[in-house]
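Per-chain residue numbering starts at 1, and chain names A, B, C and D are given in the order in which the chains are listed.
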Amino acid sequence: MDVGFIGLGRMGRAMARRLVEAGHRVRVWNRTPEAARSLEGAEPVARAAEAFSGDAAFTMLADDAALRAVIGQGGLLEGTARPAVHVGLSTISVALAKELTETHARAKIAYVSAPVFGRPDAAAAGALHIVAAGADEAIARVQPLLDAMGTKTWRFGAEPEKANAVKLAGNFMLVSAIEAMGEASAFAEGHGIPGKDVLAMLTSTLFASPVYTNYGAIISEGRFDPPSFTLRLGMKDVRLVLEAGEAASVPMPFASVLRDNLLDAIAHGDADRDFAALTRVATRRSGR
Amino acid sequence: MDVGFIGLGRMGRAMARRLVEAGHRVRVWNRTPEAARSLEGAEPVARAAEAFSGDAAFTMLADDAALRAVIGQGGLLEGTARPAVHVGLSTISVALAKELTETHARAKIAYVSAPVFGRPDAAAAGALHIVAAGADEAIARVQPLLDAMGTKTWRFGAEPEKANAVKLAGNFMLVSAIEAMGEASAFAEGHGIPGKDVLAMLTSTLFASPVYTNYGAIISEGRFDPPSFTLRLGMKDVRLVLEAGEAASVPMPFASVLRDNLLDAIAHGDADRDFAALTRVATRRSGR
Amino acid sequence: MDVGFIGLGRMGRAMARRLVEAGHRVRVWNRTPEAARSLEGAEPVARAAEAFSGDAAFTMLADDAALRAVIGQGGLLEGTARPAVHVGLSTISVALAKELTETHARAKIAYVSAPVFGRPDAAAAGALHIVAAGADEAIARVQPLLDAMGTKTWRFGAEPEKANAVKLAGNFMLVSAIEAMGEASAFAEGHGIPGKDVLAMLTSTLFASPVYTNYGAIISEGRFDPPSFTLRLGMKDVRLVLEAGEAASVPMPFASVLRDNLLDAIAHGDADRDFAALTRVATRRSGR
Amino acid sequence: MDVGFIGLGRMGRAMARRLVEAGHRVRVWNRTPEAARSLEGAEPVARAAEAFSGDAAFTMLADDAALRAVIGQGGLLEGTARPAVHVGLSTISVALAKELTETHARAKIAYVSAPVFGRPDAAAAGALHIVAAGADEAIARVQPLLDAMGTKTWRFGAEPEKANAVKLAGNFMLVSAIEAMGEASAFAEGHGIPGKDVLAMLTSTLFASPVYTNYGAIISEGRFDPPSFTLRLGMKDVRLVLEAGEAASVPMPFASVLRDNLLDAIAHGDADRDFAALTRVATRRSGR
């Protein structure tokens, strides 16, 4: 198929490569053009609008602001060579997903929200978990492309923003797991027990799952630099959770604790470290 | 070996049976004697002191008060036929474990704390994870017995109370996972997405581990009666976490949220349901 | 002096009347024109721009969105008959205050932020406490006008947004006081003591101050309808506090609790009642 | 009247002196006897039991443990010269107050709980607010004595523990006010505004009351040493609030935040400073 891919950060780059490797024609665009030029097998284009065309166009950008900027400044929705389907892979707000649903409908472009779970290594291996929502026929059309990128596509109905809500729910559970490990670890250390011993035990038994095993190791080894995913981005996700929770009148006291602790971490200079550095807050607050 | 077992609740009964099946002579005592009489292959005794003797004696009781009552009223530590090793399997406070360490030392009985992770079905299958701390030689002595009950014994040093601290850390992570699933589920429902669909996805991928899979299903199906472990006991565990955290000056904001939400659940009549009914709080607070 | 006043809600109306009574010429504009027409002694105008002129123009609107709408749609900053000083009385975000400072500087209009503390009865009596920040000369120019509306003007420097931050800090303390009274009251009731007796005692002694006495009575009497200030607006204020706190990396756990409890109240249908109905959350959560 | 007074700390000493000055015969006892000997006009006694006699005996001790120790080790309830009324002035747990009610009933001594609000200077001036509960005739009997110590006695019924619950509710509101000032101050500082300026404004207007004015000044000046009331004792009070709240199934999220922040303060070495040092937590967490 003939596709465009906009946004070649660590995740986007790995995902676009999967499409190339699967034999598709892939036009790529990135804000800083080097990233586009260096992706072997792909076709770099000069303007985002040139990638926003073909059978499907993917966007994988850092946040609402970045996506708005590309779509707005690029005049994507007013372009002439519009894609049949726009697949939004970014972790964006539920509110923006709703807005995009409306603006795409007016522009007569099918819009599918398909945020993904997985870190860059999973993206490189085509082992992401993809959460998709949108019109059935649109998703069916891009399914072969999603299959090149992920192990499985989980469908959540016809309204695109629901996929974004699911993604946020998952990220919330992820950050909660990290905070719980941080507090458990500080608690153990407070009783003279190495936190890493406790995490090693729990994450290899009751909690033996990708999230706990992976982050348990990162926390135990204090492997916060370079970051796989920055704490600043973690803060963004928690903010999106709180905003979407507020829109639906859902109190989320765990999310509130996460927010306060992430701010504490940022105030102490950890914004650009791996977001598992959140666990340093519990340690510091216990006087260690 | 010749062992005693005190406390035949759902967990204790399954564990004592494992010892019987492994060929040990097992004297059993329970506050309500029917439970002791009905355990095939074991030898019911009339007084707790009679079970507190032999190569090793195990205690598996509901809480600090129950354990204190049995030890104190039973005059166990002053008995003549004292056991070589007392293995405390109960989830008790760090403070009581310290106290027992001292009183047993004075009574010249080796004391090992060995609380366990696992629900009754894991106990019946001998598939518990046992967390043990105490003198090396004492643990070595009872290791064959522990092997009959658990998949693995995790050692945490020579001070018994450390095993209790690890157990509390694990239970804290467990209740935190349940709360996180509850909030995520309420969040999803608030956006028109069935909470169970979100939990099914997340607990079979990123969070695929015994705790999440098991409790995710219980929550999704609302399977809170009869309880495997009551919410009231969950509250007890969180209280022990908070108390031990306070003793070590460790702030634990997640544990504080858990406490408040468990009280909310108790105030709404859920004390004797499965402690996963904690998730009803998030649902109720969101007006559903 | 010749002044304009935009926004004649309960507060604005009382404040504009004070200016009329002090002998100033007051042009008034409101989104729904009846409010403007019925203010005796004032001169209703047809477009907001006509009130945005003269020696000073005041704006007293519900939130960021309302203020942006009036300024933007009204083309106020591009008008020809611009006022010497624009005094923003509304409780708006710190971010918007910063933005207005810049846009006014470009438009060569002095901008002063001057949010107020006090309820409609205090506004009617000219007994508000006004928090002002902006250029000294601009404040000096409007001081006689502020004196007509308030008991005292508290100065917080030359950057307008600081006045907004102070206003938010005060509102945060106010909502915190209400929550504390709510929890204390639920606690008392839980012990068989009428909450109102406890509040009567505490608010007439240690806590004898306008905020506690006033809200203590509202809470004790359950006087939530009609609202003096809606819970929905209280939620807006707490959101502004959290956003401004986030911008400055200040964790605010009390504000987080307030947010969750206000959402709980909204989810239970209390959005349009007096914001002291927040205290119903503590009562409800305790099962009463 | 002929009275005994047990416990001559800063508060007790000032209160006992008020009784002496009012012309009563006052036998005094303190754990460290110097305090008893140096109280002019009072009659020091060698054993607590000697002070637990006469028309009324007062106890003013630091906590549950201290009161239990004096009553138990002193064999007070088994003495021969028992007082007509025992007035418990200490801030103790609701649970202990209930227990004392029962043990005193068996010992045929009237028991009145009468904890007080006020700092040592108010005690010295006889300006305390006294919260009393117990049998009407017992309170009537000691009313002249209470009048010598306080401005007013607030009655809360016949069950002594209710007075203790009211005292805890008041202390909870007090610590909440301090936390709110701390967060507001950190918020202001985060926006470049001196926290003390904001507190000066708010505590002299909306919040002008003894608690806010007094503690606002202590916080603004960082006057934490020597302490009037230590943070460690503040932690004790919050623990009693949480325990009593748990007994009545009342979630108290503000109290939970206070607990975590007080632990943070203790972990950072502030246990023996004035409990207003709690506000240092908000400052520290914001990276200042």
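By our rule, a contact is a pair of C-beta atoms (placed from the backbone, for glycine too) under 8 Å apart; a residue touches a chain by one contact, two chains touch by 3 or more.
Fair warning: this is a prediction, and the values are worked out from it, not measured in the lab.
**Student:** Over half of the interface residue numbers used by both chain B and chain C, so same, or under half, so different?
**Tutor:** Over half of the interface numbering overlaps between copies: same.
**Student:** Measuring centre to centre with C-alpha atoms, which chain is farthest from chain B?
**Tutor:** Taking each chain's C-alpha mean as its centre, the farthest from chain B is C.
**Student:** Counting in whole Å, what is the centre-to-centre distance of chain A and chain B, each centre being its mean C-alpha position?
**Tutor:** 37
**Student:** Between chain A and chain D, what is the separation of their C-alpha centroids in Å?
**Tutor:** The mean C-alpha positions of chain A and chain D differ by 53 Å.
**Student:** Between chain B and chain D, what is the gap in Å from one C-alpha centre to the other?
**Tutor:** 38
**Student:** Could you list the positions in chain C whose residues touch two or more of the other chains?
**Tutor:** Only 245, 249-253, 257, 260-261, 263-264, 267, 285-287 qualify.
**Student:** Which stretch or stretches of chain C touch chain D in the complex?
**Tutor:** 94, 117, 129, 131, 152, 154, 156-157, 159, 161-162, 165-166, 168-170, 172-174, 176-177, 179-181, 183-188, 190-193, 197-198, 201-202, 205-212, 241, 244-245, 248-255, 257, 260-261, 282, 285-287
**Student:** Name, in rising order, each residue of chain A that touches chain D in their complex.
**Tutor:** Residues in contact with chain D: 253, 260, 263-264, 267-269, 285-287.
**Student:** Along chain A, where are the residues that touch chain C in the complex?
**Tutor:** 239, 242, 245-246, 249-253, 256-257, 259-261, 263-264, 266-267
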